[in-house]
Amino acid sequence: MTDALLRIEDLTVTYGGRSLLGLRRSGVDAVKAATLTIGAGETLGLVGESGSGKSSIANALLGLVPASAGRMMFNNTDLAALRDGYPPEVRRQIQAVFQDPYSSLNPSMTVEQIVTEPLKIHTGLDPAARRDRAEDLLRLVGLAPTHLGRYPNEFSGGQRQRIAIAAALALQPKLIVLDEPVSALDVSTQNQIINLLYERRDATGMSYLLIAHDLALVHHISDRIAVMYLGHIVEEGPADRVYHAPAHPYTRALLDAVPLLDPARQRARRAARRSAPVSDLPRAATGGCPYRNRCPLAMPRCRAETPPVLPVAGGGTARCFLAESDIAAHPARPEGVTAP
Amino acid sequence: MTFAIRKLAYSTFAAAALFVLPATADPAGTFRFAEQAKLITMDPHNHSGGGFSYLRPVYESLFDRNPDGDIVPVLADSYQVDGRTVTITLKPGITFSDGTDLTADLAARNLNRVIELGVNAGVKLAEKAEATGPDQITLTLKSPDPSIIDALSGTAGMMVSAAALDDPALDRNPVGTGPYVYSPEESREGELRVYTPAPGYRDPEAQGLARIEISEIPDNTARLNALKTGQVDLAIFLSSPQAAIVDRTPGLKLLRQPGGTTYHLSVLDREGTQVPAFADPRVRMAMNYAIDREAFSKAVEFGLSTPATQPYAEGLWAYDPALEGRYAYDLDKAKALMQEAGYAEGFEFTMPSIPIFASRLEAVAGFLKEINVTMNIQTVEPGTLARRSRTTDFPATNLVWNNAIDPKFVTTYYVAEDAVFNPFRIKPDPKLTELSEAGLAIADEAGRAPIYREMLGRLAEESYMIFITTTPILFGASDAVATNETVQFRPGTDTPYFAGIRLGN
Amino acid sequence: MKLSHVRPSTLAVVIPSVAVLATLLICALFAEWLAPYDPLQQNLMDMLQGPSAEHWLGTDDLGRDVLSRMIHGSRIAVIAAAEATGLAVLIGVPVGLFIGYRGGWWDWVTMRLVEAIVSIPGIMVAIVIIAILGTGLHRAMFALGILYSTAFLRLARSVVLTEREEVYVRSARVIGASPSRILVRHIFLNIAPPLIVQVTLTVGAVLLAEAGLSFIGIGVQPPQASWGTMLNTAAAYMELNAFLAVPPGLAIVATVLSVNLLGDVLRDSIGRGIRLPEATPVHVPASAPARSRSSEPMTPRADDALLVDGLTVTVSPKGGQPVPVVTDMSFRIGRGETLGLVGESGSGKTVTGLALMGLIGAGGRIAGGRVLLDGTDLLSLPASGLEAARGSDIAMVFQDPTTSLNPAFTVGSQIAEVLRVKQGLSRRAARDRTVELIDRVGIPRPAERADAYPHELSGGMAQRIAIARALSCGPKLLIADEPTTALDVTVQQEILDLFRDLQDDFGMAMLFVTHDLAVAADICDRIAVMYCGEIVETASVDRLFSHPRHPYTSGLLSAMPHGASGTPPLPVIPGTVPPPGSWPPGCRFASRCAHADAACAAPVPLTTAEVPGQQVRCVHAAALTLEAAQ
Amino acid sequence: MLRLIGQRLLAMVPLLLIVSVLTFSFTALLPSDPVDLIIGDRGSEEQYQMIRERLGLNEPFVTRYVTWLGQAVQGDLGTSFFNSVRVTDAVMLRMPATLSLTFASVLISVVVGLGAGVAAALRPRSWIDRLATVGATIGQAVPNFWFGLILASVFAVSLRWFPATGYVRLAEDPAGWLRSITLPALALGLSTSAAIARQVRSAMVGVLQQDYIRAARAQGLPARRVIFRHALKNALVPVVTVLSFQITVLLGGALIVEQVFAINGIGSLAVAAVRQQDIPMIQGIVLVLVLVVMAVQLATDVLYGLINPKARPA
């Protein structure tokens, strides 16, 4: 894929491996050999439950935590190799919007200061020009230039997220990492922000790495979806294929767990679901497939071998032996019964 | 010239007390005394002022003063002074509480130690001691000293046992010939010293008490409270509001002992190395004139003391009526002198203080402020004022002059180039040296008085010793102690005689 | 801090404090002019006198004027506070910022040093430093400056460390701000509020310490007048003139008190975490009063487990007027039925749940209405009756299982406690029943888990425990307040299954509060949609999803990720939810509603729509064709 | 719990070492030569050298430190420069008075502080809350030694209920000990009880807003039980931290209050040692005080672990 903007290869992120008083502690791998690609103008949705490591990928990509192994090729630069921080020309191309609109804005800075801060650092614009640009940015995100002199605590959650987006857009980056950008917002505001993000993407041709826990939401707005489970990318592929024909049992479990908006269909699905006892096995399985302790389709083989990355019909890959044997054997509807 | 005393009648003061008490020999009761000075050391030869009472139960000197102020032999049997040679015969059969005997050799060793240590000003003129017989020692002087025997009735004459002299911890393990022994086990450092009768003491009659407790209470209020609540029977007081309160408290008596102390400032840096203004006698005179002694003694000393412009109070042989009113309070004159000396704008210096002197010094500072002299007060640990005054840490100091001691000590303490409180080693006026030498050459008081009066007159003109008030020695006592005739006080010192005290019941 | 935000009660503290400090400062600056006498001017004949016309505060042991000495003493106090605090800030803040930012060995060594200093009583540190430097005001203040610099050092360091983890600092790093720029521009700004508070605290502490050191004679030296040395003198003359101790003591108390009070006010005013009401409310002149009910009263039915009729709740913000947060709430829940209460944040759904339990927090008040549980009006019960009903007849499960279980006790003991208190079971029986209950909510190895502390359990497990506790006494009504919101989606599914399962077993009615219509679709029989403190629509779950009659319901349904069709732009409800106090007097949704017109300006009652059991609060309900779920 | 104690003890070793280095080196910074102080200006060079030799001052700094530390761990803190009093003995003799005073005031602070804090937290903005808050605010502004003077003047000098000065040892006369310690402990405990009351109040108010309190009340547990069992135990967690810090403050305050009541404790020993620049004594006092503080910290850590299960090692 020559037009890939970002290619993450075998990225591993380890926490807690610091030496303390000379005593080395073994670290915890938050991300294990993850491989992902984002093309120019493309949105990759990264989905997983809490603790799956999706935010760690974002932090590694943003240079906030070091990568302990692997490569992150961005425009032919290996970000993982930049140990002393990103040079400005890389920095300005990768921006971010974070989850919590209340803590992501410095409470003691005005909106103008927040929005023009990137301009001050990366451009030689004079204050007047910066202010003009800040006014433009506010208009772009649906706020009024009169808001420039205010402090973040004077805004609602949705408005704050708009300010955060304005600051991220200031340098016209090539890639924005969206780390759960709407999950702290009310339903009626969520879509406003999503629409804003997409309007901007279409206008500029940026790429997004969209991190979220809600597959349905991600499905709407991503070109491709990657699913993470305990640091592993277990499935990856075109958004529609992953959503409608999940190849990995975990992806399917995620989809099944989201209640349907149609009460009748939801009732039917629930009635068909066998109320399984709660598993007492640890969430993380050591050796073999990491999902096998939870997997309703686990086979003896899953214990012995780690499934390789396998191609899936309809595009993408899955780390599951089932993908190897018979892709077609699996139902293509998310509400399908999971009994073997 | 020969001056000798032969075979003075042996009498202890305890023996005098025996006349009024039944001769019960068993020690009984606890006598509790409160000191205002903290105990620094119990090594008599290193002792440098304040807190003699801690030593008295344990140590005896070669001589002592009786309640009438006469010098009497204690460990000595007799002495003879012949010019620069003092021959002392020891009383036979004196033993230390550790059972060893006081030999002439040991006595000489003791005296030589005092001389070598050089802490004690009284033996400044002594050169060396040697045993010249089984019970005889000879002390050689650098020059004749009429008060040498007086010196040997204080800490300089205290005899320490041979073993104790070798003990590096002598300062806390005293071993003497006295009627009581120190009990370190029962004592509490910094708080309480306990003494019990010495076994085998030669005069059981002097051991009237089962126990002596001396408390260290530097805080005036605390000492007053201890007296009020009966925690102590007798306490030293200086003129202080607390002493005034003792006088007014039912059940307590304030005992005024003759002698007393004269409070004075002494300018040490009188050549102006640290404080140039001090080099000018007019400045020092101005300071002398600036102090309102009447007000001082009324207010600061609560009327317990009298104004003083010389070391000795009226009635003592060295007292000079001519000096009376020499530095009567005269602020105008003081200011004029400052002007003359070129210090109208004043200057600044630092004065060491101990808590009991705090209010006095504040008052002095207030007076000096009037002539633009700023006196900063720096507190030093109680018990260390004398020691610090021997260093060049301060350009001036303030001390008390004990009226009971010989006027020759004015020279050895303050005047001579190697005087104790002359840390800047300032050479005195030759005339002063001449006068003090003359004062030593004569033995009788009548002959010496005019010489010392002249010397004190000259000193007054130099004005580096600024005398302020004379206070009698004050003791606060419970009524029982105040009326107990066995409790007697060593003239001119702030110590009772512990030997001989019996408690009434 | 804007003055308009300062409350009158705060002013009552600020004004006298500022007055005291201003007086102090004026005295310090103009002591020579203000003092009637020279502070060292003694008059030994007039010593230890009480207050008189000549000497307002009397004279001391040397007849010096106490008032004059007090005034000059205030200069010492100001110098002392300024010197020591200034030095402490100058040493502490830069070093703290540096080691906090630099980390590593610098940080480790410095912090161990600081810990060592802090583990020695402060006064001892000061005494030792004074031993090195000598006595006197400036040297003593130098000592205190060094001593208190540790507080500033730790403050600056901890601000750097905590702020460094803040998301906005991550944002700053992402836009490429250099570490020094982040430290100076982004972090340092935030150190100001705690720094100011710490300065006031330190000033107070310095004044006390200076007085203490001077009192024991190693601070300011006499005859210089400081309040501490004056107290030292007073101590000696306690029995002759006790009054001497009063003026300097009171001066110290008044000064330190003023400084501390100002510090408290500053801390309350400029501390982090204050969120003012959103600045762009819907523009309505006055907030809607807790208006009289607009809907028909409800009549109790025999099969009602719960009947809520006309419930109105107000909340009084600190020092403010009561604001209605729930108005005209009327709904019923039949036996064994589950009613979903759905709404966005701020709609009043949680308050409603708490109001039913009689547990609205401080400032909250039930202003009207009835809550009939099995025919008994809970609101008319005395406190003890309500307490008896809670747990036994009506129970609640909260949103976050990790905070709704007491961290200090084992989970088993928390269930057993309820059984013992409410049902009088013996220790043993309670334990057995607890293990049974834990087993019942699907937790493996129940006896073992009973001895675990909440933090040792996963969120899902903890929520199961909370459910077990709520159900332990077999309540008639269970209120579940967003019980799955804090959980992962797969765990949410398990918990929802558990709720259903248990409801079949226990047969209780359930009020299920959630913001997620899909969750409501899964678990509820009927749904009531809330908006701005009132129910805007209620219907059976099937009816609501297929035929929403309120524009808000319809808007929510189409905005749901599952409901929305295909690609962006996704359907939206324009604008934001107005906060309580800013509600329009008429239809509260009017400003965001595409169908609003003049008819919506008047209060709208909840009226029955075309189907029995479906009620809607919209004047246009009958006329509109609205989008349903998929 | 044993593991917690072990961990804490281990963590204290480096801290103690640093304190010992710190103490040892800052006394080396003393401006005046202790030998000069001891012998005055009169000593000969010979004497001077002799004393330096005896005091070991001719050794290099590190050697002196190691020697001193080696003896210190065996409980021998050396001998005073000015007399033959062993530092360990002097400190141990004075410690009981200071510790009595400190712990009596801790007791007062905890009882008063807890009571006032809980009472205030239960009824926020009521008169009792206002009273407690105002009292606590004033209490923190009152210098303890001044309060001591006032107490002494009223209850000792005027009313004569308690002795104005002095310390009676517990072993000697328990009733007398109690009487002698009451006023100083009250004086000392005032500001700490104020601090604790404020901490308890804010912790209680915070805890009472927690979900688990609402949950407990939702279970219909009696209010009293919820407050005293559920809330207080959690509110005590930050209070214990404050208490640990406050005990250090109290120990320091005791040094001053001792002077008001003429109690022969560590305070007067320390002031005297500093005035005389008695290096071994200063070192010993600081080290022993730090040991006391650490023992207190250990105790509070254990207490902390008891009431806060999260603090226990897994």
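The first chain written gets the first letter, and so on, giving A, B, C and D; residue counts start at 1 in each chain.
The rule is simple: contacts are C-beta pairs under 8 Å (C-beta built on N, C-alpha and C of every residue); 3 or more make two chains touch, one makes a residue touch a chain.
The model shown is predicted, which means the values in this text are computed figures rather than measured ones.
Novice: So which chain is the furthest away from chain B, centre to centre on CA atoms?
Specialist: Centre of mass proxy via C-alpha means gives A as farthest from chain B.
Novice: How many angstrom lie between the centres of chain A and chain B, each centre taken as the mean Cα position?
Specialist: That pair's centroid distance is 91 Å.
Novice: Give, as an integer number of Å, the spacing between the C-alpha centres of chain C and chain A.
Specialist: Result: the chain centres lie 32 Å from each other.
Novice: Could you please state the distance in Å, as a whole number, between where the Cα atoms of chain A are centred and where those of chain D are centred?
Specialist: Those two chain centres are 53 Å apart.
Novice: Of all the residues in chain B, which ones touch at least 2 other chains?
Specialist: Where chain B meets two or more other chains at a single residue, that happens at 221, 379.
Novice: Give me the residues of chain C that touch two or more other chains.
Specialist: 217-218, 235, 238-239
Novice: Would you give the residues of chain D that are in contact with at least 2 other chains, written as numbers and ranges?
Specialist: 271, 275
Novice: Among the chains present, which pairs are found to touch?
Specialist: A-C, B-C, B-D, C-D
Novice: For the complex, which residues does chain D have touching chain B?
Specialist: 36-37, 40-42, 82-85, 89-90, 93-94, 163-166, 262, 264, 268-269, 271-272, 275-276
Novice: Quick one: in the complex, what on chain B touches chain D?
Specialist: Counting only chain B, the residues touching chain D are 38, 40-41, 118-119, 168-173, 188-191, 217, 219, 221-222, 225-226, 229, 231, 379-381, 384, 387, 390-392, 423.
Novice: Help me check something: in the complex, which residues belonging to chain D touch chain C?
Specialist: Touching chain C from chain D are residues 14-15, 18-19, 22-23, 26-27, 29-31, 124, 137-138, 140-146, 149-150, 152-153, 157, 209-212, 214-223, 225, 230, 233-234, 237, 248-249, 251-253, 255-256, 259-260, 267, 270-271, 274-275, 277, 282, 285-286, 289-290, 293-294, 297, 307-310.
Novice: Which positions of chain C touch chain D when the two form their complex?
Specialist: 112-113, 115-124, 127-134, 204, 208, 211-212, 215-218, 231, 234-235, 238-239, 242, 245, 248-249, 252-254, 256-257, 260-261, 264, 354, 357, 359, 361-362, 387-392, 395-396, 398-400, 403-409, 414, 417-418, 421-422, 453, 455, 466, 469-470, 473
Novice: For a test of understanding, state which residues of chain B touch chain C in their complex under the given definition.
Specialist: Touch list, chain B to chain C: 220-221, 240-241, 245, 292, 295-296, 298-300, 355, 358-359, 361-363, 365-367, 369, 375-379.
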